[in-house]
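One chain, chain A, links the two complexes that follow: it is found with chain B in the first and with chain C in the second.
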Partner chain A sequence: MVSAFEFAPAIALLPLAAFVVALVFGNGMPKKGAYAGILATAGSLLLSLWMFATVAGGEVYNEGLYDWAIGDEITFHFGVLIDPLSALMLVIVSLVALLVHIFSLGYMNAEGETGLRRYYAELGLFTFSMLAFVLADNLLMAFMFFELVGLCSYLLIGFWFRTRSAPSAAKKAFLVTRFGDYFFLIGVVGIGATFGTLTFAGDASFVAEAQSAIEAGETFHGLGAETWVTILGLLVLGGVIGKSAQFPLHTWLPDAMEGPTTVSALIHAATMVAAGVYLVARMFGFYAQSPTALAIIAFVGGFTALFAATMGVVKDDIKQVLAYSTISQYGYMMLGLGVGGYVAGVFHLMNHAFFKALLFLGAGAVIILMHHEQDMWKMGGLKDRAPVAYYTFLAGSLALAGIVPFSGFWSKDEILYDALILGLEEPIFLAAYAMGLVAVFFTGFYTFRMVFLTFHGNPRSEAARDPHPLGMNVKIPLIVLGVLAVVAGAANLAPVYKLAGLDITFLEHWLDGAYTDGMEGMTYHEYSEMTGYETGYIGSETITLLIGAALSLGLAFGGAGLAYILYNVPEPKAHTENLGSARTVLRSNYYQDEVQVWIAEGLTLPVARMADRFDQSVIDGVVNGVSSVSLFGSGGMKRLQTGVVTNYAALIVLGFIALVVGLGVYGGWFV
Partner chain B sequence: MAVLEMPELTALAPPMILALTALVLFTYDSINPRSTNRPVIAGVATVGSLASLGVAVWFILSGVGTPLEEGGNGVFDLFEGQLIVDQMALFFMIIVGVVTALVSIASYDYLRDHTYQAEYYSLILLAATGMSTMASANSLVTIFIALELASLPSFALVAILKSNRGSVEAGLKYFLIGAMSSAIFVYGISLVYGATGHMQLDAIANNLDAAEEMNGLLGIGVLMLIGGFAYKTASVPFHFWAPEAYEGAPAPISAFLSSASKAAGFVIAFRVFTTAFPLDAMQTLGVDWSIAFIVLAIVTMTVGNFAAATQDNVKRMLAYSSVGHAGYALIGLAGLTVDGGELVLGAAMMHLLVYGFMNTGAFLFVALAEYWGVGRTFEDYNGLSKQAPVACVALAVFMFSLAGIPPFGGFWSKYFLFTGALEAASTNVWLLVVAAALVINSALSLYYYSRLVKAVWIEDAVLERESLSQPTGLYAAIVVAAVMTVLILPGFGPVADAAINAAGAIVA
Partner chain C sequence: MTVEIHYYVLLSAALFCIGLFGVLTRRNALMFLMSVEIMLNAANINLIAFAFYHGNLSGQVFALFTMALAAAEVAVGLGIILVLYRNFRDVDVTVPSAMRW
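This part shows the complex of A and B:
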C-alpha cells in the first residue's frame, strides 16, 4: 500500500498548479481562475488532513526527495519533513488559504476588480511557497521558500500598483524583510559550514550536531560551541524578526495594509508573518541549546507585544488597528517560545491564525459593507445591519482580547503563565512577563475600541446607514472561522487540567509526540530538558496559575471596560486628544519610520558616499594608473617596429647575443 | 584495423594527401592555365585538406601513434627514425588540417577577382604539407627540410597580391628575416652535429656525453635552434617579421601563418627539446634551456600584448596578439621540469588547437571585412553588427575566447597553462613569474580584444553603409570556427586527454 506521505509534495504542488493554470488560462476561465485556486487549496486541505490523521496514527515522515547539489562536505537537497508540528501547520495554512480564496469571490470578483488573473495566480504561488516552506526538511530549502513567500507578499501588497502608496508599501515590505533575511542567509551558510548539514530532524541534523558539539566542548573559530550556536541562532533570528514583524523590523507591516484585505488576512494569519515564528518553532531544538538566544527572543517578543499594542490604541483605520494587533500577537508567540513555552507558542500561533484570519476577513466584510471606507469614525451601528459580520467579528475580538473562554485566552494565558513561572526562578524574565501583561490591557482596549466604533452607536456616514449586502461566499468563511475562534482553545485547556485534573491538553500531547514514534529529539519534553529552565511558584502551582489567570483576565477586562465607557456611546468622541503629546508620539509610531529613514540617509548614505569616493579616487586611480602605464609601455613596444628590415636584423642579432651571453655565463660555457 | 595491414608508409597519409592535392592542383593548372574556375580549385583544396584532417582524426581515434603497451597500434618509426608518427604528430597534423581547410573554404570568396587561383591553393597545400611533415620530423635534417618546405611557399603567399605594395613589401621582409633565421638555424644544427656527431634526435640524446668537453659549443647550437623555432613561432626577438607579414598578406594567409605555421613551429620545438635534449642531461652539461624559454615566454607575451594594446589597425592588433599567444604556448616548454611537465606541455598543445580555431576565425573575420571593403581600423569596423550580426557574434566569441573568458575554449587552455605553470613552480620558482605574467597579460589583452567587440556591437557606424553581402565560403568558415570554439568546451575532456597523452608520451 502506498503511504500517505507519498502524496505530501502534492500539498504544495496543487497550489503551484493553480498558479500556472490561473496565469496561463485565467482570463478565459469563469471567475478568472478563482475556482482553480479554490479546488487546489481544498485538495491541499484534504491532503493535509490526511497527513494529520496519519501522524495521529503514529507515523512521521522525514525523506529527502531530490539532491540538487552534491559536494564532498555537504549535500543540498529538497525533502519533506512531516511531524506533528508541520502537520498541524499544514492544516492551518491550507484551511486559511482555502477560506481566503472563497472570500475573495465576494471581496474581489463581486467588486469588479481588474487584474484578477494576476491576483489568483499570485495567491496560488503564495500558498505554494508557504506550504513548501512548512514541508521543508532542511534549512536551505526553508530559506528558499521563505524568500519566495517574501516575493509573493511583495507582489500582492503591490497588487494595486497604479496607486502611489501600494508600490511603495510593497517595496518597503520587501526591503525591510530583506534586511532581516540577509542575516538569515549568513546564518544558513554558517550552520552549513559549521555542522556540514542543514537538515532539521534526524540523527544527522544540525540540531543534533550542535548538541554533541556543546557536550564535547568543541570550539569554533576560537569561540565555545554554545557561543557559536548562539551567534548562528541570532543570525537566523534576523530573518524571523523581519518576517514576523518584530521590533525593530516591524515597520513594513502596517504599510502592507495597502494590499487587498484578503491578502492581509493570508499574510497575517497563515503565511508571511507566521513563517517567522514557525521557523523558530521548527528549529526550537537549536535555540533551546542557547539560553542567551532564548532570552533575546523572549525580550524581543515581550517588548514588541507591548510596543505595538500601544500604537494600536490611536489608529483610526480598522485595518491599521488589526495590523498593530498582529505585530503585538506575534510578540506574544516569541515571548512564549523564548521562555521555553514551545507548546504555548505554537498554541497561540494556531489560535491567532484562526481569529486573525477571521478579524481580517471580518474587516473585509465591513469594508464591503461600507463601500470601501476604512475609517472607523465613519462607521458605527453596523451591528444590526450585518449581524453575521458582527457576531463573528465579536468572537474574533473576544479571542484577540483574551477573554475567557475564547481561544485567545487559553493560549495567551499559557504564554504568560510560562513566563511567570520562569520569572519567579530567574527574575530577569519577570520584566518580559510584565511587558506581556501590560500589553493585555492595551489589547483589550484597542480591540473593543475597534468593535464599538465599527458596530455600535449610531451610523456616522451615508454608507454606514445603507450598507452594501454581503454574499454567502463572504459569510461562510466568517462562520467557519468564527466557530474555530470560539472552540480552538479547547485543544489545550492546560489550566483546567491543572485545576481539575482532566487530561485535556491535546496539543501538548500532540507536540510531545505522544501519538507518534520516531520523533527523537523533537518533542516538547526533550526541548524542555534542553533549555534547562527551572521554574518557581508563588505558594503552589495552582495558586500561581490562578493569580496569573486573574491578572491577565482582569487587565483584559479593564481594557475592554475602558473602551466600553469611552466608545460604546451613540456618538463617540475622539478621546485620543486627551493624550496630549503622547498621542503625537503614538500616531507617529514612535517615529520608527523616521529613525529608519534617518539610518538610511544619515548613516548609510554618507558611508556609501565615502565608499564611492574611495572607489572613484583610489581604486579607479590605481586602475587608471595601470592603464596609462600600460598604454605608455604599449607606445614604446610599438616603436620597436620601425619598418626597416636592417633594424630588425640588428635587433634579432642583439637579442640573440644577449641570450647567449646570459645563458652562457649562467651555464659556465666560457670557462 | 585495416590501418595495420597497410605498409608503414601509410602512417604518413595526412601529409601525403596534402602533397598529392597540391600536385593535382599543379596538374590542373598546367592543363588549364589561368583558370578561374574557383569552385573546382577551391573545392579540390578543401577536399584535400579535409581528407588529410579526416585521416589524422581517424588515426588518432583508432590508436595509431599510441604505444603498443597502452593498447594502441604503436608508434610508427619511418626511415630509421627520420620521421615518426606518434600522438603528438597526429595532434598537430589535425591542427594543420583544420586551419588549412578553414582557410581554403574562406579563400573561395576572398580570391574572387584573383588571377592566380590554382597557384595560390597549391602553395597553401605545399606549405601545409611542410607543416604536417614538421609534426612528424624526428631528425634535424628532416626538420630543416620540412621547415623550409613550409617557409618558401609562405613567402610567395604573403606576396601574392602582386599589385599591392604592402603585400609585396611584407613578402620581402618576411623572406629576408626568414633567410637570416634559417641561416642561424642551420648553423645551430651544424654546431649540435659537431658536438654530438648525430642528427637524429634520439641519437643526439644518446650521445650527449660526447659533448661534455664542448658544452659551450652545444649551448650556442641549442640557442641557435631556439632562434629558428622562435622565428617560426613568431616569438621575441625573432618576431619582427610577423606584424608586417600578417598585415600585408591577404587575410586568409595571415590566418594560415599565424595559426598553422605557428603550431608547426611549436611541434618541432616540443619534439627537439623533449627528445634530443632531455632536461636533466642538459642541466648537468650546463645548458639549462628551460631558462631560455622562461625568458622568451615572459618577454614574448609582454611585448606582444603591450604592442597590441594601442594599435588602430585591426589586423596589426591581431598580429601582435598572435605574438602574445606564442608567449603563452612557450610556457609549455618553460614549464618542463626534470620530473615531468606533461600537464603544462599538454596545455600548450590544447592552447594551440583552440588557437587554431579562434585565431583563424578572427583573421577570417578580417578577411570578410576586406572582402566588404569596409576599411582596416577599429573605427571602420564600428557598427558592423547591424549589417552582419551572425559574423559579429562569431567575432565576439573569438575575441572573448582569445582573451580567455569562460566558457570559451580559450579560457580552459589558458587555465590549464596557468595551473600547469603553478605546479611546475614547486621545482622552479621562476615559473611563478611566468604565471603572473600570463595573468597580467591576459587582463591587458581583454582591453584590446573587447575594444573590437565594442566597436562592432556598441559604436555607431561613422559612415552610412549599404547592406553587406554574405559570402558563403567566408561565412561558413567563420561560423564553423566559432561553433568549434564554443563546442570545444563540452568536448574538452577528450581533447585534453589526447593532448596530455601526447605530451606524456614524448616527455617520458
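This part shows the complex of A and C:
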C-alpha cells in the first residue's frame, strides 16, 4: 500500500504543471488555460483532503526529499512537513484557489479581458508557490517560496500594466514586502548559523536546539540564549510584518487592490497575506521561548487591528474597505498568537480565509453587476436585483463583524478572550486587548456601512438600476464560501465547551495532536507551557468568558447599529463629512505614505548622498592617490632607460661598485 | 724563475680597467667590441695565472672555453655592427636609441 504522503509533492506540482501548460499552450486552449488551472487546483484540493484525512488517521509526515547543498555544518534541502497545521492550511489554500479559478471564468473570461494566458499562468505559479510554502519543512525552503509568492503578487497586481496606477502599486507592494524580507533573510542566516539546522520539526529542529540552548544557559555572541532567540525571532518577524501587512509595512496592501478582484481574493485576503501569520504559527515553538518577541507580536497585532479598522471607516471604494479590513483582521491573528492563543490565531486564520475570500469574490460580483464601478456611493439597491450575491455577502459581513453565530465571532472572541485572561494577570496586555476590543466596534461599523451602501437603499446610478447578470461560475464559489463562512465556526466552539461542557473544540484537539502521533514539541499544550504565561479571571472562568463575549458582541452590534441608523436609509448621506479634520486624516491614511516617502527622500536619500560623497572622496581618493603616486614615480623612473648601451654599461658598473661597497660595509672590511 | 702571482693580477686588473674605460667612453661600435674583448682576455689571464699557481688544469681548460665563446661573441657582435651600419650609415652606438620608453 502506497502511503498517501508519497503524493504530497504533487499537491504543489499540479499547479506548477498548470502554470507551464497555460504558459505554453494557453492561447490555443478553450478559456485560455482556465481549465488547466481548475483541474490542477481541484487535484490539489483532493490530495490535500486526502492528506487531511490521513493526518486525522493519526500520522504525520516529515521527510527531506532532496539535498541541494551539503556542507560540513549544515545541509540545505527541500522537504515536506505535513502535520495538522499544514494539512489544514493546504486544504484552505487549495480550496480558495479552486474557487477563485472558477470565479475567474465569470470575472475575467466573460469580460473579454486580454492577457488571459498570462493571468492563468501567473495564478498557477502563485498556487504552486503558496502550496510549496505551506509544505516546506525548513525555514530556507519556506523563505524561497515566500519570495516566490511575493513575485507572483507583484506580477498579478500589475496585471493591467497599461494603466498608470497598477504598475506603481505592483512596485510598491514588491518593495515594501521586500523591505521586510531583508530582515527575514538575515534571520534565516542567523538561525542557520546559530543552530546549524533550519528544519521546523523533529528532534534536530532549530526550535529544539533553541530550547536546549536556553535550558543549558548558553551564550551566543556575548548575549544570553533567550536574548539571541528574541533577536532572531524579531528578524524573521520583519518578513511576517511585511507579508501580512502589519503596521508599519501595511501600506502596500490597499494599493494592491489595483489588481483584478479575483487576485485580491486569492492573494491579498485568503492566502499570501496569511503566509506571514502561518509562518509565526509554524515556528510558534521558537517564538514561545521568547516572551519579548511574543509581546511585540501581540502589540503590533492589536495596534494594527485598531489602526486599520479606523481607516476602513471612511473609504468609498468597496475594495479599499475590504483591504483595510484584511489588514485589521490579520492584526487580530497576530494579537491571538502573541498572547499565546495559538489555536485562536489559527482558527481566525481559517475563518478569515473563508469569509474574506467570500467578501472579495462578493465585491467582484458587485463589480460585475455594476459594470466595473467600485465606488459604493454609486451603488445601492442591489439587494433585490442580485439576491445570491447579497445573501452570501451578508453572511461574510456578519462573520467579519463578529456577530454570533457566524464563524468570525467564534474565532475573534477566542482571540480577545485569550488576550483578556492574559491581561488580567499581566496588565500590560490589557492595552493590546483594549485596542482589539475597540477595533471590534469599528469593524462592525465599516462592514455594515459597506453592506448598506452597496445593497440597501435606492439605486444611485444607472448601472445599479440595471445590473449585469451573474453567471453560475460566479454564484457557485460564492455559495460554497458563504456556507463555509456560516458554519466554519463550528470547528472550535470553545465558549460552548466552557459553558455547557460539550466537547466540541475540534480544532484545539486537532492542533493539540489529539488525533495524531509523532508531533512532540509541536502541540498546543506544549506551546502553552513554553510561553509560561499565567492567566487570570474575573470571578471565575465562566464569568470572564461571558463578560468578554458580551463586550465584543455588544461593541460589534453597536458598530453595526450605528451603521444601520446612518446608512440604512433610501438616500444615505456622506456622514463622514461630519468628522471634519479627522476625516481628512483618516482618508489620507494618517499620512503614512507621506511619512514613508519622507523617510525615503528626507532621510535615506541624504544619508545615501553622504555615503556616496564619502565613497567618491575618501575611498576613491585613497585608491586614486595610491595609483597617482605610483604613476608619478614610474614617470621619473622610466627615464633611466635611455636606449643608449653605454649608459646601461655605466649603470651596471656603478651598481656593481655600490654592491661591493655595501657588502664591504656590512662585512666589516673598513673597520 | 717564475713571475709572482700578484703581477698577473695587476696586469689583468689593468687590462680590465682599460676595457671598461673603452666600453664607457667609446662611441664607435668596433671600439666597443674590442674593449669587451680586452675585458674578456683580462679574465682569461686571471684564470690561467691561478690555474698555474694552484697546479690545477681546469682554469686553463676554462680559458679555452672562454676563447671559443669570445669568438662566437665577436661573430654575433660584428653581425650586429653590420646591421647597424646598414640602417644608420654609421656605427655610433649612441645613435640607435629607439629601444627605450
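The working rule: the second predicted complex is superposed on the first by the 627 of 671 C-alpha atoms of A that agree within 3 Å, B and C clash if a C-alpha of one lies under 4 Å from a C-alpha of the other, contacts with A are read in each partner's own complex, and residues count from 1 in each chain.
Note that a contact is a pair of C-beta atoms (placed from the backbone, for glycine too) under 8 Å apart; a residue touches a chain by one contact, two chains touch by 3 or more.
These numbers were taken from a predicted model, which means no experiment stands behind them.
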First, second, both or neither for A:458, with chain B first and chain C second: neither
Chain B or chain C, by number of chain A residues touched: B
Which superposed partner A:643 touches (first chain B, second chain C, both, neither): both
Touching partner for A:655 - first (chain B), second (chain C), both, neither: first
Touching partner for A:628 - first (chain B), second (chain C), both, neither: neither
Partner chain in contact with A:219 - chain B first, chain C second, else both or neither: neither
First, second, both or neither for A:666, with chain B first and chain C second: first
Common ground on chain A, meaning residues reached by chain C in one complex and by chain B in the other: 638, 641, 643, 645, 649
List of chain C residues in touch with chain A within their complex: 20, 23-25, 27, 32, 93-94, 96-101
Interface residues, chain B side, partner chain A - complex: 172-173, 176-177, 180-181, 184, 215-216, 219-220, 223-224, 226-227, 236-238, 240-241, 243-244, 285-289, 291-292, 295, 303, 306-311, 444, 447
For the chain A and chain B complex, residues of the former touching the latter: 627, 630-631, 633-638, 640-641, 643, 645, 648-649, 651-652, 654-656, 659-660, 662-664, 666-670
In the complex with chain C, residue positions of chain A that touch it: 638-639, 641-646, 649-650, 653
